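Structures for review follow.
Here come two complexes built around chain A, the first alongside chain B, the second alongside chain C.
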Partner chain A sequence: MRRLSEDRTKVLFEKLAKYIGPNIKQLIERPDGIYCFREQKNRVYYVSENILKFANTMPADNIISLGTCFGKFTKTGKFKLHITALNYIAPYAQCKIWLKSSAEQQFLYGNNVTKAGLGRISENCEKYQGALVYSMSDLPLGFGVAARSTAECKMVDPLTVVCFHQSDIGEYIRSEDDLL
Partner chain B sequence: MDVVSEVLQKSQEESSKYKPITVEKHIDLEYDVASLLVYDFNQFNAQYFERDANGYLLDLARDNTQLLINQLWELPTERVEEAIVAKLPLPKTVLPRAKPVPKPKELTKWEQFAKEKGIQKKKKSKLSWDDQLQKWVPLFGFKRSQAEKEKNWVLEVPQNADPTEDQFAKKTVSKSENVAKNELQRLRNIAKRRNIKIPRVGLTNPEVASAKDLQAAVTVAKASTASLGKFQDRLPKEKEATGVTTITPGASKKRKLPPVSGDVEKKQNLDVVESILNKRPKFDVEKSVSKQIQTKLDLTETIQDRVKGGRKNQIRNKASKKPKGSKGQRAGGKIGAGRKRR
Partner chain C sequence: MGRKAKFNEGEIVKKGPGKKAKKQKDPVLPKSLKAPEDSLKQLSSRQKKRVKKREEKKVELLKKRQENRKNKKKESDEKIPPPPQQDSSEEDFSEDEEMASEDDNVKVDNLNDLSDSEENHSDDSYSDEDDLLPIEKENIKLKKKQALEEKEAEAEMQLNIANQESFKFPTKESEEEVKSLQDVQQRIREIIAVLSEFSKLRDAEHSRSEYIDLLKEDLCTYYSYNDFLMEKLMQLFPLSELLEYLEASEVQRPLTIRTNSLKTRRRDLAQALINRGVNLDPIGKWSKVGLVVYSSQVPVGATPEYLGGHYIIQGASSFLPVMALAPQENERILDMSSAPGGKASHIAALMKNTGVLFANDSNKDRTKAIVGNFHRLGVVNSVITCMDGRNIPKLMKVFFDRVLLDAPCTGTGVVAKDNSVKTSKNEIDIQRCYNLQRQLLLAAIDSVNAKSPTGGYIVYSTCSVLLEENEWVIDFALKKRNVKLVDTGLGFGTEGFTKYRHLRLHPTLNLTRRFYPHEHNMDGFFVAKLKKFSNVIPTSDTSDIAEEVEEEIEEAHEISLDETVGETKSTKVEKAKKKASLNGFKAKGVNGQRQFNKKIEDQEEPSKISWEDVPKKTSVKLGKKLKTVSKKKKIGSLKSNKPDKKHLKHKNVKLVKRHNK
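Showing the complex of A and B:
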């Protein structure tokens, strides 16, 4: 368990900025104490300092998980966001996509969102911006990447992909072993 | 009479002080005299033990020791310098060894390779018949080298070789190099067996060096300044070689960031965030096009509204101010009008 190096911090924040933009500051500057990012076996954890103090008493090799896992660094040095980070990212999301109830299951099985399944989309979403996917009842379902901007969405035919799937809450069951 | 009775009384007193040398046991003990060891399989009397633990154990120990000593006296004894010495038999009990079992001898690199490939050593005969010389030539020694000299009095010049090159000199050089290489390998095997660290040889030959070797060389060379490479420039996308910490000055195996307090870390993180957010956005064609589409759409919508609205809208439009120049939005078309023509 160690601090993120400067390069890795940059990679992490660049990824988060795609989803929540300037709201990253809200994650770092919190009124309820100091929170920080820690790295353990290439996974990044978002931990409050209180928990961190307890965790410091344990040998790093024995720690499996602490705080909330935000994602992991791949072998090529990219950062991959995990579904466990959803609770922290959903409130600050900038680009939101609401799914029709018929398309929910499709998305939760790991498929992309097509125009047909698109219920609503927040305004001025840019192309390839990180997007939060919600059900029509405002329940966050996962992350994606907007495949089309909001304006383009209006024109395309119903079978084109509107949002690329990245992770969804179905992963809690599908890839139980990998999530930590 | 008095003297006799006195002596008798004294001896009686003395004998009453000591216990008899015979001890009665229900089950015979098991002895291993060589290691002075006795196993007592008799029942442990818990009643006695509860009554007087120390006394009972002491008695038990005495009795058993007495029996052991009785056994010792039965062995053949001899006198060495006024001391009676018993000759002990071989021990029956197997004791664990004090030191760990020695490891099997580590194989040399060749032996390991041969074992993997299943190569078996072949016995070569000491003498072999040479057809050319018509005599028996030994495997090694001065007679062998003489025979070689006799045999190789002339050497062929390879087809694409330099004709002025001395083939004999080339042969001796290659032979001596081979010997040196063999010696190096032998020493390396010894060092490996004795767990001695040998300094790494740097880049051996720049002509045959691989990209990986070159990368390692660059990494090491960069760190080899007075400030351990702190002020060296980096190329974009330059990667540092891995596995060279042992030969890189100032590099430790595991570099840990120094611990800082939470507030400092928070500030550092905020700085990073700031630098990311303040990045000047690149000109994105897709983005600008989509924006253009959006404005066009908005415009058409407003026009449609006007048409639908009919007169009512027109009246309102008249009442409102005239649109000022340079404030209207351009509706698509060319970007940049170019030079103003007169």
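Showing the complex of A and C:
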């Protein structure tokens, strides 16, 4: 369990900024205590300082996970955001996409979102911005990258991809073994 | 290429009906099989006689009736003309036929009279009630028939009862016959009936134990348990309850889900699921988060709500230990063997994601399930660890406010989920289980802080119904540590055993709770709540010695398991036993009652295992894996053993000296 290096912190925050923009501040300065990012075996965990204090009594080898896992650093030094981070980034998302109930299942199996399945989209979404995907009943389903800006979305034909799939909650079943 | 031109269209002529339209001819039967057509007309000599008699009776009846009518007409001329003769004759005929078919010729005369009188009576009533509709006549006929049938049924019943009373103990020869399952079931019922009123219904030649052995055998074949487990269950339940339990264990318990109160409320979740075509109901008054799923059009384990972490599939019995634990906010809680994280996430939900929750499991593969479930359900106050639970107090002694130990067990309470338990468990498995459970429970107790302002509680639970894994383990902990049993606060469930065969357990064990499939409609389960009242671990010289002796005996057993030569192992075990008893007597003066208990335990365990009795084959059967494990242990124990033994001898000498003084 160790602190993130300067470089890695920068990479991580750049990634998070794509999805939640300036709301990163909310993650670091919280009213209910001090939270911090910690790294173990290239995985990044977001955890309360209080819990971290207790966890330090355990040998690091025995700790499988603590707090919430945000993602991992790949061998090339990039940061990959995991579905497990959804709980924290969903409330602060900037660009939101709502799916029709017919398209929900498709997305949960790992497919991109087409215009036909698009229920609603928040305004002023930019192209290639990180987007959070919701069901019509406001249940966060996953996240991806907006393939078109909001303005473009209105023009395109129904089969065009609107949002590239990155991660969805179906992974809890599909790939439980390599969630971390 | 293009399309193929059909030049000869319309010219194709169908040849015959085609292959598939071929019809099979009627089969030709050999003459010997053909039933002779006129066989129906040929009557046996008896039948002929009967027909003759019937005809004779008819004639007689007609005569009598005519006479009767003449008499009546004379009496009252105003009466309505007699009923159509056809009807009455028909009635007679059917009646007579029945009689004739039932009885032999001897009684015929008598019966004739009877029917005559009946006829007369009906005629009288007829004349009284004016004309009856044909339907009403039919009704009268039907009623008669029904009365007759009832009589017959009653007679049959009595015959059956008579049969039951005379249940005969099967001889050896009759035992060897292959029996159908229904026969076995019938016999089980009969034996239980006999056993319930033994002095009255018993067979004088056979003792109760013989009856019980027979019953056990039958139950084993009918429910496909192995002898060992069935014997345990028979010792556990009274006979009447045993059948219910076995029957209930065959059926799966209903599918239940737990609402994740971190993300949603039960009402909202129920609404969302009903919209998806799931048929559900609240689980009962005792839980505010449970739902029972009766039927579903979608897979309950893959709905978007499930993936979103609004609920988790969890057995009803799994709610109980967490409710007994009653976790509070801002506490430090440990779940010792938590995979797959159902109970642990329930704890986190009750803590509302505050404080710290340590979720431990010794199996690394299974911890992945905890990770998945915790992230899905949004549990953020957790540390998921993978280590042997017995090592936890070494790292975090007297640290936690509450500990939940859902101990690994043989799973005899969840037979419906895993049928293999019925046949795969034996004495050794159970012994291994409860040894581990005892160690884990002691570790759990050691890691709890008795001085915690809110807690100091340990909840122990298993999904087994056997006493060895439940009350006995608790009893052991009560002796070894400064803990007491407290009420679980569940409000239902049957009380734990305080007396069981030869065992007299701690009287407060009635505060523990047992749950059975046939009584509470959940899996077989056991919950006990302990409160630690002092952080001091009670130790005395004597108990130390007893522990060491115990270990020695176990080691001796392990060694003997490896060796194929019978002599050495038996001698070693005996040596160890002797030592144990010797020490027990020597130490008696120091702490009499306690030591006495220990001694009993020491003696009990080896006698229960009875390694000497285990044939050599089984030790071979146990397989390489076990051998290697025990070898490792053996090496370790041998290394560590030497100083221990010296220590022991030293102590013994000391004790003897003290005793002499």
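In this section, the second predicted complex is superposed on the first by the 179 of 180 C-alpha atoms of A that agree within 3 Å, B and C clash if a C-alpha of one lies under 4 Å from a C-alpha of the other, contacts with A are read in each partner's own complex, and residues count from 1 in each chain.
Everything that follows uses one rule, which is that a contact is a pair of C-beta atoms (placed from the backbone, for glycine too) under 8 Å apart; a residue touches a chain by one contact, two chains touch by 3 or more.
Note that the structure is a prediction, hence the values are computed from the model and not measured.
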Both complexes share chain A, so when I overlay them there, do chain B and chain C fit or clash?
fit
Classify the contacts of A:135 with the two partner chains as first (chain B alone), second (chain C alone), both, or neither.
second
Chain B versus chain C as contact partner of A:10, first or second or both or neither:
first
Thinking of the overlay built on chain A, is A:62 touched by chain B (first), by chain C (second), by both, or by neither?
second
Counting only touches as set out at the top, which of chain B and chain C does A:177 meet: first, second, both, neither?
second
Going by the contact rule stated at the top, is it chain B or chain C that touches a larger number of residues on chain A?
C
Partner chain in contact with A:78 - chain B first, chain C second, else both or neither
neither
Is A:24 touching the first partner chain B, the second partner chain C, both, or neither of them?
first
Once the two structures are placed together by chain A, how many degrees is the angle at chain A between chain B and chain C, based on Cα centres and rounded to a multiple of 10?
80
Once the two structures sit on chain A together, report how near the CA atoms of chain B get to those of chain C, whole Å.
5
Do chain B and chain C touch any of the same residues on chain A, and if so, which?
none
In the complex with chain A, residue positions of chain B that touch it
256-257, 260, 262-263, 265-266, 268-270, 272-273, 275-277, 286-287, 290-291, 293-294, 297
In the complex, chain A residues that touch chain B:
2-3, 5-6, 9-10, 13-14, 17, 21-22, 24-25, 28-29, 34, 36-37, 49, 124, 126-127, 149-152, 154
Mind pulling up the chain A residues that touch chain C in the complex?
47-48, 50-51, 54-55, 57-59, 62-69, 83-84, 87, 104, 108, 135, 137, 139-141, 169-170, 172-173, 176-177, 179-180
If you look only at chain C, which of its residues touch chain A in the complex?
272, 301-302, 304-305, 307-309, 332, 356, 358, 364, 367-372, 374-376, 378, 380-387, 395-396, 399
